[in-house]
Amino acid sequence: MLDGFTTHFIDLMKTVGLNFEFLTSGYEVRMWLDGMVTTLVLVVITIPISLIFGVLFAAALTSGKKWLAVPVRAYVELTRNTPTLVQLMCGFLVLNMLISNALGGAQNNPLTPFFWVVAITGLHVAAFHAEALRGGIEAVPSTTIEAARAIGFNSLQILRYVELPLAVRSALPSIINNLVNLVKLTTVGSAIAVGEITYASIMIWTQRDNVVELMLVILLFFSLINLVVARIGFWLEKRLAVPGFGQ
Amino acid sequence: MSLTVPTSTTLVELQDVHLSFGSNEVLKGIDLKVNKGDAVSIIGPSGSGKSTILRCINGLLIPQSGKITVGRTRVDELKTETERIALRKRIGIVFQQFNLFPHLTVLENITIAPRKILGISEAEANRHARDLLEKVRLEQKANAYPGQLSGGQQQRVAIARALAMRPELVLFDEVTSALDPETVGEVLAVIRDLVREGMTSILVTHEMRFAEEISDTVVFTENGLIVEHGTPDEIFSKSTNPRINSFVNGLGGRATPLHDGEGI
Amino acid sequence: DATLDRIKARGKLTVGVILSGAPFGYIDPKTQEQKGLNIDVAKALAAGLGVELETQTVTPPNRIQFLQQGKVDILIANMQYTEERAKTLGYVPTPYDRVGGAAVGRKDSGIKDWTDLKGKTACVSQGSNYTQPLIEEYGAQVKALPSQPESLLALKGGNCDVAVHVSGTVSLMLEDRADEWKDYAIIIPSDLIPSDSVIWLRKGEGDTQAALDNIVKSLHVSGKLIEFARTNRLPSIAYLEEQQKKLKDGSQ
Amino acid sequence: MSIVLKQERAKQLPFGGIFAAVLGLTVIAWLFLNQSLGQVLLEWLPYLAKGFTMNVLISILAIAIGTLIGIVLGVMELAPFAVVRAPALVYVQIFRNAPHLVLIFAATYIFPFELVIFGNYVPFPDWVKAVVGLAIPASAHIAEITRGAIQSIPTAQWDAAQGLGFSRSQSLRWIILPQCIKRSLPPWMNLYASITMGTALASLVGVHELLHSANDASTAVQRTDFTVVVYLTVLIAFFLFCYPVSRFTQYLERRLASR
Amino acid sequence: MSLTVPTSTTLVELQDVHLSFGSNEVLKGIDLKVNKGDAVSIIGPSGSGKSTILRCINGLLIPQSGKITVGRTRVDELKTETERIALRKRIGIVFQQFNLFPHLTVLENITIAPRKILGISEAEANRHARDLLEKVRLEQKANAYPGQLSGGQQQRVAIARALAMRPELVLFDEVTSALDPETVGEVLAVIRDLVREGMTSILVTHEMRFAEEISDTVVFTENGLIVEHGTPDEIFSKSTNPRINSFVNGLGGRATPLHDGEGI
């Protein structure tokens, strides 16, 4: 039944000049569908990682402690001003090899390309989250913080109960924007053979010459994911909206 | 000025407190004693160091020299953040700019400190908070956000929040100056009740008639010094200091017309 | 046909070459000129046609595209003959070399035969014709990286058990940089799908095909190809010698 | 106390610059200690530099084209007629959400390698395709920046212009858009930095830019330590190019915020 | 109210003009006649439709029914943008919120419309602009940016800008309401000069004494209708309408204290 559907789809597409012949090849279809799943898995894993590290970085940047702020600031500047692809190559090809050597051989190195994509893109976007949150934290009036201090909160409690909740609200639009970028960024994984959708598509179109067809699917796929991300962001903004705060 | 020996009922005592911001000497030797259950008002021109005194008492600022005692605690000798936090739990402070947490409801604003700092259960904290809200006459606003309240209502919530930690002492720093004249009265009425119930309080205020009415002692600061202190009567009616007279009569200070909430 | 006419009209043969490393195609570290067997063959072809040579570097993922679009006239780009490719592309029937895939891996990996790759990870370059046999025949997990250097670095980083590439390139590299690669070797003695390196062109370009075929044949017969192989230090020239003999015999 | 801390935070030391200097010095020191490596890198530097000029060229052209098209699209997004608005909105939605990598791939594969214009063959080289591939998302982002900037201009300015007798397009040209420049400069520069970094993706489709050159170099030299150094060089090159832009953007943002 | 037959000297005429925003009827039949060289003041409570009348006259709004004539032009019948622009070139308008172009200098603010719309040469436009700046007593500010000027100075530039197109008619919409009392006078002095020179003007204003002093006719609007019109004397002193009396005497309207610039 499914096969029938596939055949119909291929025929239908042929009438508009699109070649979806590859859907009949079991191994290519499997790779392609796996690619979609991998992209989704990447998105689902990197989003929380970027958020967690974004908060940690922002906390370090605003901690007022030099030994915390300086290295994080240096990382933020480095990652914001160099291409993610180059970072990925440096990480996966260079750092990974050095780690292998340090561990006494490649067989002892547990780090996979998947790990590197998650780490590089997640931390890259975390730097952008951190900057947005830092802006939000610094915008919290000092009198509000003083009130919190006077109640008896310690620095960590002030961050947790006062600064972050307020910063998150004002930084939310930028954070959503960063997440949309993160979703797009996962495609660099194709450069180091992480089998996400772009990689799978490259593997197929280098054999079959059906770039336009696969490209359309990719564009639709990412539009869809980002639509969902933006929707969730919009919903969150609505939910977190506090009367009389912000606009 | 007068170096009094602490008696058993003394709750707060400052002795020769000096404090500078950089080269700017703000407190130039403050002596002050507040007994348990008393209400002390601090009056004086802008920039004379009134807020700074309050901040020294609850450890938000640390003086360069001098002794500050609250109960048995030597505030000026506290070394760690933890110790200062322990002190602040015992002292409530209410600011001019209410400074409520805008993302929390009125009830949450009041309960957050008892719950997160004292570890009191939510139910227990809520019960206490509702009692306090009744005291400040805002029972029906428990679930509103600060942005939905008038200035006077926000300030009353701020008072309830300070009381939620069951402090031994409450500091009020010009709590009515940011309010429009019509809502000043509501807030003063709440403070009057508190003072009558015997809460030890130190008030920085520009509401002369209110200070006169409720204080046990009034202190006049100028230029980082306490230039005079005494009963309200001594300061407001019998003072021979011309600065004080002109200030009290609304010439030298930024005294605002009085709305003492008698009508509430 | 169109291609040959155009080559003649322009006085220029545009060849897509791949710079995947010595001995087939690389940039000379000293002069930063393109060198290698692919380049030498391209030069000889241009000379044989009496036109100038223009090279265009291609990568595995874009080489077929370039050919189809007409950006290059022919491809000398480490592309072996496969039936799949022959369905969509034209090719010069006489091969200029024969190569297979060699698997580089750690000496202590315990892999001895292609069948040992079942469940193991093999790195290749994107667009490689080894992908399909590795997956379908030997059940290996294939990771395709943009090109050979990345694949070899991935091998060193421990992200694959073996890297499968054209045997000539990897064996020369293992020899030249023996120190760096002392823990590694070509661990499977036989080549993977040894097949003929042919020159690819667009389908249906019969005249071009014939013209080039003649040139390639003459390169075999004259021993030019063997000479190219020697100067470029191809590890094995047995196939070329055999071809020379066969063609010489045939022409007599 | 808290006020003092805040001021300390707000003061931004050029940490990034310090970091680049440290990284650069490390590399130089290393090269000094390992002279043969330094020698090789020196030999390859001109080749790498040639690659990097390609990055600069692509990024400048992409942002220039993207800006022109983006402004038009941004104005279209605010047009009073749905027929004009709709296509602009759809274009912006799709291409803002599309990964740069995919667009570059698409551009190189979909466009022909040469165009026939009046019977002449005009080559359409890969790097031009990369320009197109990056100009498309750039234009989508600039459309949003433009739209936001136009909407942030008080409607009173439109009233004033129309009260003087300016038509809609004249108002836009002489009154509204010039005021948008200042507001959109910081986001524009952010985008420029991001496009510049996007040029590294062009290596994946065979454009001979810096990353591709680095790859060639490490293939040719085949030394692990050289590969490490070359990749670090690439990182530093991009950093040195993008960091000043981003510092200047932050400076502009602060200056505008203090207005 | 009184449907007057246009005479040769009539410049503006509105007849039974009706205008609604959605279901909100804002103008409910306005009749108004302004002769060449006259100054007409429109007064009335907020929201009564004063600004809307001005916007109808220069074609920024189009009424649902009624006739509007400016010179020989039937404003309500203009179909295209081009026609309306031609009209606006003949009518200057000055708004409450000066609305200067912040990215242009004072001189450029004044010259941009003549240069870009009328195609006048830069030299010629600059010469005229400097004359106008002299008229509004701001010669020395030609190269300043609006952000560097006080409110009163900005408003005078806005007037000069409106005059730069050499309009037959100038509309002033509460040009002093956004100004602090001290600078109101400067602006009114400039308008007084203009009116005395014979520029046809329609002024919406809350400065009662100013309206009384300079107007030929005063019109009182309420609820989208002109409820009374006449000479300043008839309106300000002799009206029998209690609404007008209380408005004029600052009880019903938001009449501000008068600073009529007599002292400038």
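Chains here go by letter, A, B, C, D and E, matching the order in which they are written, and residues are numbered from 1 within each.
FYI, a contact is a pair of C-beta atoms (placed from the backbone, for glycine too) under 8 Å apart; a residue touches a chain by one contact, two chains touch by 3 or more.
Just so you know, these numbers come straight off a predicted model, no measurement behind them.
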Each chain counted as touching chain D and chain E at once: none
Number of steps on the shortest touching-chain route linking chain B and chain C: 2
Chain pair bearing the highest count of C-beta contacts: A-D
Cα-centroid distance, chain A relative to chain D, in whole angstrom: 20
For chain A paired with chain E, centre-to-centre distance based on mean C-alpha positions, whole Å: 57
Inter-chain centre distance, chain C versus chain E - centres from mean C-alpha coordinates, in Å: 83
Distance between the centres, which are taken as Cα means, of chain C and chain A, whole angstrom: 38
Where chain E touches two or more other chains, by residue: none
Two or more partner chains touched - positions in chain A: 89, 93, 97, 146, 149, 191, 202, 211
Chain C residues counted as touching two or more neighbouring chains: 61, 65, 146, 150, 153, 156
Complex interface listing, chain C residues touching chain D: 19-21, 26-30, 32, 57-59, 61-62, 65-66, 69-71, 146-150, 153, 156, 173, 176-177, 180
Residue ranges of chain A touching chain D (in the complex, touch as defined): 61-62, 64, 70, 73-74, 77-78, 80-87, 89-90, 93-94, 97-98, 138, 142, 145-146, 149, 180, 184-188, 190-191, 198, 202, 205, 211-212, 215, 218-219, 222-223, 226-227
For the chain D and chain E complex, residues of the former touching the latter: 154, 156-157, 159-168, 170, 174-175, 178-179, 181-182
Touch list for chain E against partner chain D, complex: 58, 60, 81-82, 85-86, 88-89, 92-93, 95, 97, 99-104, 112-113, 116-117, 158, 161-162, 165
Complex interface listing, chain D residues touching chain C: 40, 43-44, 47, 108-109, 112-114, 203-206, 208, 215-224, 227
